[in-house]
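Take this structure, written in structure tokens, and hold onto it; I'll ask about it next.
As written, the chains take the letters A, B, C, D, E and F, and residue 1 is the first residue of each chain.
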Amino acid sequence: MNVACDWAFPLVWAQQSELDSIPWLKWIIVLAVVFFGIFPGIVAYTVWGERKVAARFQDRIGPNRVGPLGLLQPIADAIKLITKEDLVPRSADRWVHLIAPVLILVSAFLVLPVIPFGVGLAAVNPPSGLIYLIAVSSLSALGIFLAGWSSRNKYSLLGAMRAVAQLVSYEVPQVLSIVPIILWAGSLSMVTIFDKQVLYGWFLFSPPGMLAFVTLTIANIAEVNRTPFDLPEAESEIIAGYHTEYSGMRFGLFFLAEYLSVFAVSCLGTAIFLGGGTLPWPLTGEPVVTLGGGETLFAMLLLNLPLIGIFMAKVSLYIFLMFWIRATLPRLRVDQLMAFAWKFMVPLCIINIFISAVWYECVIRPSKPNYLLGWGVTLPLVVVSIIGVLALYRSSMKAEPVELTTGSRRRSVVRSVS
Amino acid sequence: MIIYNYVFIGMLLLGAIGFALAPVIVMGILAPRKRSSSKADTYECGLLTTGETWVRFRIQYYIYAIMFLVFDVETVFLYPWAVAYERLGLFALAEMVVFLLILAVGLAYAWGKGVLKWV
Amino acid sequence: MGYGRGLIVGHWVTLRRFLRTFLVGHGRTMKRRGGGYQPLDFWFGKKVRGDEPTIQQDATTEGLFTVEYPDERLPVYERFRVLPMLVYDDVDGNVRCTSCNICAKVCPPQCIWMTHAQGPDGKPVPLPADFYIDMDVCMNCGLCAEYCPFDAIKMDHNFELSNYERHQTHIFSLQDLLVSSEFYAKTHPDAYDSADEVTERNKVAKKKDQRLQKALGLGAKPASTVRPVAKVAAAPPA
Amino acid sequence: MPVNAPVLFDFIHLAPEIILSLWGLFVVMIDVALLRRRSSATRGRILGVMSIIGALAALASIYLPDMMDLGHAASNVEESLFQGTILGGLLVERLTALLLILLIFVIALSTTWDLTEHWGEYYALLLWATVGMILLIASEELLTLFLTLEMMTICLYIVTAFEKDQRRSAEGGLKYFVYGSVSSALFLFGLSLLYGLTGTTRLAAIGLALAPAHTSIGLVGNVAGAMAVLLVLVGFGFKISAVPFHQWAPDAYEGAPAPVSAWLATGSKLASIVALMKVLVQALGPWAHGVNDISSPGWVGIVAVISALTMTYGNFAALAQKNLKRMLAYSSIAHAGYMLVGVLAVVVGAGKSAAGPVLFYLVVYSAANIGAFSIAAWLYRDKGTDQIEDLNGLGLKYPILGMCVLLLMLSLIGLPGLAGFWGKFFMFSEALSQGDDRHKLTFLWLVGLGLMNSVISAFYYVRVLRAMFLRPSTGRPLQAPTLTIRLAVIGSAAVALIFGLYPQPLSTETDAMAESRIFITPSRPAELLSVSPVRVVPRPNASDDTRLRAGPIGGGPSAPPEPTPVPDSRAK
Amino acid sequence: MNQILFGVIATMGVLSALGTVLARNLVHAGLFLVAFFFLIACQFVMLEAEFLAAVQVLVYIGAVAIILMFGIMLTRNIQGDDTTTVSRAGFIAGGLAAVGLLTVLIFGITHEEGRSGRPAWNSVTTRPAIYPASARKSESQAAAINNMGLAVGEDLLTRYIVAFEAAGILLTAALVGAIALAIQEGPVSDDPSDRVKSKQNAESLAADEAESLLTSSRA
Amino acid sequence: MNDIPLTWFLIFAAACFVIGLMGVLVRRNAIAVLMAIEIMLNAANINLVAFWRYGTPVEGDSPISGVMFAIFVITVAAAEVAVGIGLILLCYRRWHAADVDRFDSLSG
């Protein structure tokens, strides 16, 4: 139970009682190397990976001109973006125009430090880590709105309004599908959640867990504006959406932020549902602890290397899943998009919270977990609720009530009578 | 103490702002600069923009925003409930069922009223 | 199960495509299924222009089939058409165009205009003194080629028309448009050898020769005196 | 370790609130799900009847357990529910019943005309506002108090603006909202200071913490405390529309649909006044003035000034009004001024039953206002306006209703023989009998002002009567009033008449209610800080007069104050 | 060090609050407000209420700011007309009143002398320690700080259960009421009389709008 | 963190509160007024949390009463904003202005 917290944290982030004795140097090194070195690198190669993978899905090759296998492509892109002319429209609001992408990028960065990449290998472990995570990830909606607004371009504004409407709509199921995890782990701390999975196995392995994972994944994809939920940037309708008026590196910031968010939400999904760096079966935790023994950062990293490897493999799979979905599905229509969030995802997530409480009562609360009962009770519940909500959703999509009709339809009704 | 987690996060925040601004500044130095009036125009597929950009939007956006607001605040209650569930037991579950039912009526109301439909 | 099955099947389809790119066309020889080779270019090398391999593909091609365009090309089909070109007979060097102005008349966007050539006596000769096509306006419809009674206008295959100046160089003059009939025969072999075109060519050549001679008022003055210097190909002017 | 969950029995006390809340949800759902193809008028009628049924069910839920002897006999025991956040007991039950009865009339009035298309929402919001009011009366703790106050007002903001085809409705709603939310921000800041001064959010505990333990001298030199009191007073001043903070009231009353105006004038005001009394007496009582000296600064003086301003300004402003609803709005401001005199009396006489007359006055005032606003509803239904001159000749055309209105107006003036008179009489005489000589002067001039104001108020109330009886009818005559209007007018006139002739039952009832501990400044920590049920008042028995002096919490200010054992466990 | 940190945050907080109040452009004001919300969250962190800080960011920046921005976009009142400008006289009067009130408040805060056994505010410079095992109450506070989600959950569902459910009703009321206010037209019913009424409504609405346009253009 | 006096937080909160109040008095646009109200509510929240952190809970009280209060204040503020914007939109539709001074159909 106390695998990570008690063992690793005091070693790494010596819990000081005074601000003056904070290990500034260590932190700055970590920030510079991990947060502003490794993570942007991962992001850059996520872009490269997406281009390669998407190419394969379309029977193409993908980038291959710059360096072997096109591996230098991200660097070339960066150089290209950075040497482009910095264009800001005359009528734009210059400061807000600059702040907006920064805000989005910052929100993507702030998600990362609470993710536990290995045993005790989260940068920080605030007790309310999970709510902190969703709080900072919701900042990006504001940035997108500001980007669209400040450009003073109709397409931008339209794209931004759409984007915000979409983001806020899908944030609800995203937030709701995390609740089962909190319920089972009994904590908002990401590290504790990781610990619980070390002990009990992945939270994915239960019917409500699977359902929550699926809803979380869908909501995640919508949150990072990827196909099939990329309405905000629907090229065929609104050019490039909220970043129409951004060029050069300013656009690059959006780009970076988008892929950083992809990475971040994949880390989130991995950390809370897929057991972080653990293997599918529950461990007692002792092997991990006894392996360490060392008290240095180096020993700690050494111990964690396989865990980080597993974690990254899972994250890669998760990201690959996003690429795969992108390669397969067409863009949704805006009304379908919103209806899907509110009429399907939200009810399903709310029901799932109660199903997960049932699972808790069957499996986690008893001293001797009764898996058979848990599966026997929750699986039918999950299936029934999916079918029920789907039926409700589809019936509503078939026959929308004609009440709220603005403008034309209502007038036509009146005219037809008179 | 907990606070020191947030000192790190504060440093990350400042660092991220710097990380975001640095390339823009570098771009200001490196990039060529050839101003022209038509470059500074608002992009509208090559046409001159007409009319007000900050047009009035449909009320639909506002309705989605308040739906979100309500469910976001609900989260604030839901998460502590989930954390404390282990200690509170079935009574808390019943309470939360009631709470969520109340909010679900709000959702159902919006649904039935047809405002969830994007027209 | 409408949505659900579609989703699953769709994802399976794309995944199969994805996996197949690793299985198909990734053999020992690095040969690509569509022709050509596996592009594993470790060096920043560039092929010489014109030596690019041409890759054959069709609807049944599977596996990776990216054509790395400047280095590789897809074959151009014969009836592919871009801009018009003016054909001169490489046998006698005669420009087939008689400056009859029919093409300019039928041209829908009106992008063709020309001037008559004049003989030494100042009388018009059935030859173009100059012939212009505005390539910005031309819509590649091919009507001029259809209507040309002398088979002088044919549609070119060259689509690499970009350059760095967009006012002067986009008006193609006679110099830019002239191609030899040999070139035409090479790019449009089927059309060149078709019976129609052969008879037409013979007939027209005879008729035109007569008219030219009549106009010049001479017996058999070689046409080369008025023939403009022909260019071999309408390569884009630098 | 499971924490002890609140006993389910605590929820029995909340039965009316629960029923009303769920009924509101039910009404909304019925409207959206089943009735959406019906016409607006039909839906209004069906849902109105349903809402009345809900209110009746809530009413029944108060008394049924008693009548059937189910559960525990709740009504005679005042209990702290939910670990000291909610009060249950006689006062709350009676006031709940009163609010529910008023609510029924308001709902009935709403069916008079087609004031909105969103009927389900309208009734649900009325019901939820009522829940807010009931909980506001019952809350014993700042957090719950603030939340329920907001719940009430937010619902009322919305219903004020509900007549969507009227500009003035939207405007009234927005003004109400802006003033109301500013006031609640001020109120909240005051509450936060109060929390800082005492370290607790429970009213009784605040009262204890502020109680003069050893050297404390009220508000002398205590600027932070004075700011807290001031801000709390400002907040409540907005809610009860006392004078410097009254600007929203005329606009909101005039803009709102007549039933909503009625609900603003009766339910909202009733709940706010009770909450004000509760906070002033139970929590801020010790700061009313210094321990030994009335001349030491306390909030009594402020409230007295507010009261005087409120009644005077309300009456004079009402004189100038031509619009019936606006006139009633100003008159309700003036009535708030009268009631503040009573509130002061409660404070000064803490521990004795001075709250009875205020409650009596509230009942009578609410009943009369329901009647008066139903006249406005009647006017509006037919003429689309509510000018007083539209009432011309009405009294002669509908003599019974005219008589009823006559009774109502005279009762509002406070003519002897009618309930309004007794209200003022009880309140003013109570005020004059409270406190020692040092208070007498304050109360003397306040009461004198009140009497003078009653005379002034006669002018504008009589204008209504003059229009109804002495002016010839002009323009299109009004159609006959609907049954609900008739019922409301006749019912409220009956209240005015019956309690005017025979005030005894009501006054004994309100005196019994006034025995609640929320009208007593706490002085004994042991009883008030315990979270277990406290037995306060024996079951009221109308014939027994001694009960007025009974009750385990005796004492009052004369009892020797005990040092507060607030442990100083502050770690240095 | 801590004090410097506090000073920086507080100064920025006050400045952004001032920006909110004074910015002519409403979206800029909203942006300042967002900064203010964020700095308040920082203050919550300084007060070791990090759960509350996260809630602050989640609700205020994530939702309230968005809805305010939408409100601005929906009323098209961003800048350039006189409604967003601050009149000079009003500014001076408001500023004077504000300074006066602030002076009084600061005086009150610094001169508060604790009563009933409570310490005076300005003597409170240290917080109750949250780790000593001696005091029972401090322990519960320590537990609350170290796992505030848990403490909030427990309080929410025991002591404040009524407030909790009332909050649910309040939120639903706000949702339902706001939707009812916002949607433009009521349901189409099959009852012809109703339709006539709504037609009249529409006409009066149109007249209203025309009138207001006239008045606004005149003004 | 232990060396920051309580009064600093209180003065900060008071300053924010006063600024918000000034905003309410000075601004005429209804949405700006709404923003100013939010500032005031936040200032009160700072007060509540500071008092919670620097004080010890009274016997029988919740150990985190100030925080709970703040959470409910946030809830109320959210509901208030939702309703407020709704009312402003309703008025905007009639007056084509979001200016509180312009709503003038009621007076007297």
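Criterion: contacts are C-beta pairs under 8 Å (C-beta built on N, C-alpha and C of every residue); 3 or more make two chains touch, one makes a residue touch a chain.
Everything numeric here is computed off the predicted structure, so don't read it as measured data.
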Kindly list the shared contact partners of subunit A and subunit B, in label order.
E
Drop subunit A from the picture, leave everything else in place, and list the groups of chains that still touch each other.
B, D, E, F | C
Quick check for you: compute each chain's CA centroid and the global CA centroid, then name the chain with the smallest gap between them.
B
By the contact definition above, name the pair with the higher C-beta contact count: B-E or A-E.
B-E
Measuring from the mean C-alpha position of subunit E to the mean C-alpha position of subunit F, what distance in angstrom results?
4
Go ahead and note the Å separation of the Cα centroids belonging to subunit B and subunit D.
40
Inter-centroid spacing, subunit D versus subunit C (mean Cα positions, whole Å)
92
Inter-centroid spacing, subunit E versus subunit C (mean Cα positions, whole Å)
69
Multi-partner residues of subunit B (each touching 2 or more other chains):
1-3, 5-6, 54-55, 57, 59, 61-62, 65-70, 72-73, 75-76, 79, 82-83, 85, 87-88, 91-92, 96, 102, 105, 109-110, 112-113, 115
Out of subunit D, which residues touch more than one other chain, so two or more?
3, 5, 21, 25, 28, 36, 83-84, 121, 143, 147, 150, 154, 157-158, 161, 164, 167, 196, 198-199, 209, 566-567, 569-570
For subunit C, give me the residues that contact two or more of the other chains.
none
Okay, what are all the chain pairs that touch?
A-B, A-C, A-E, B-D, B-E, B-F, D-E, D-F, E-F
The subunit D residues in contact with subunit B across the complex are 1-3, 5, 21, 25, 28-29, 32-33, 36, 121
As the complex stands, subunit F meets subunit E at residues 1-12, 14-23, 25-29, 31-32, 34-36, 38-39, 42, 45-46, 49-50, 52-57, 62-64, 67-68, 70-72, 74-83, 85-90, 92-99, 101-102
Which of the residues in subunit E come into contact with subunit D in the complex?
104-105, 107-109, 111-113, 115-119, 121, 124, 126, 128-129, 132, 135, 137-138, 154, 157-163, 165-167, 169-170, 172-174, 176-181, 186-187, 189-191, 193-194, 197-198, 201, 204-205, 208
Where on subunit E is subunit F touching in the complex?
2-3, 6, 10, 13-14, 17-18, 20-21, 26, 29-30, 33, 36-37, 40, 43-44, 46-49, 51-52, 55-56, 59-60, 63-64, 67-68, 70-72, 74-75, 77, 83-84, 86-87, 90-91, 93-95, 97-99, 101-102, 105-106, 109-110, 118, 121-122, 124-128, 135, 137-138, 140-141, 143-144, 148, 151-152, 155-156, 159-160, 163, 167, 170-171, 173-175, 177-179, 181-182, 208-209, 212-213, 216, 219
Footprint of subunit E on subunit B - complex, ascending
1-3, 5-6, 10, 52, 54-57, 59, 61-63, 65-70, 72-77, 79-85, 87-88, 91-92, 95-96, 98-99, 102-103, 105-106, 109-110, 113, 115
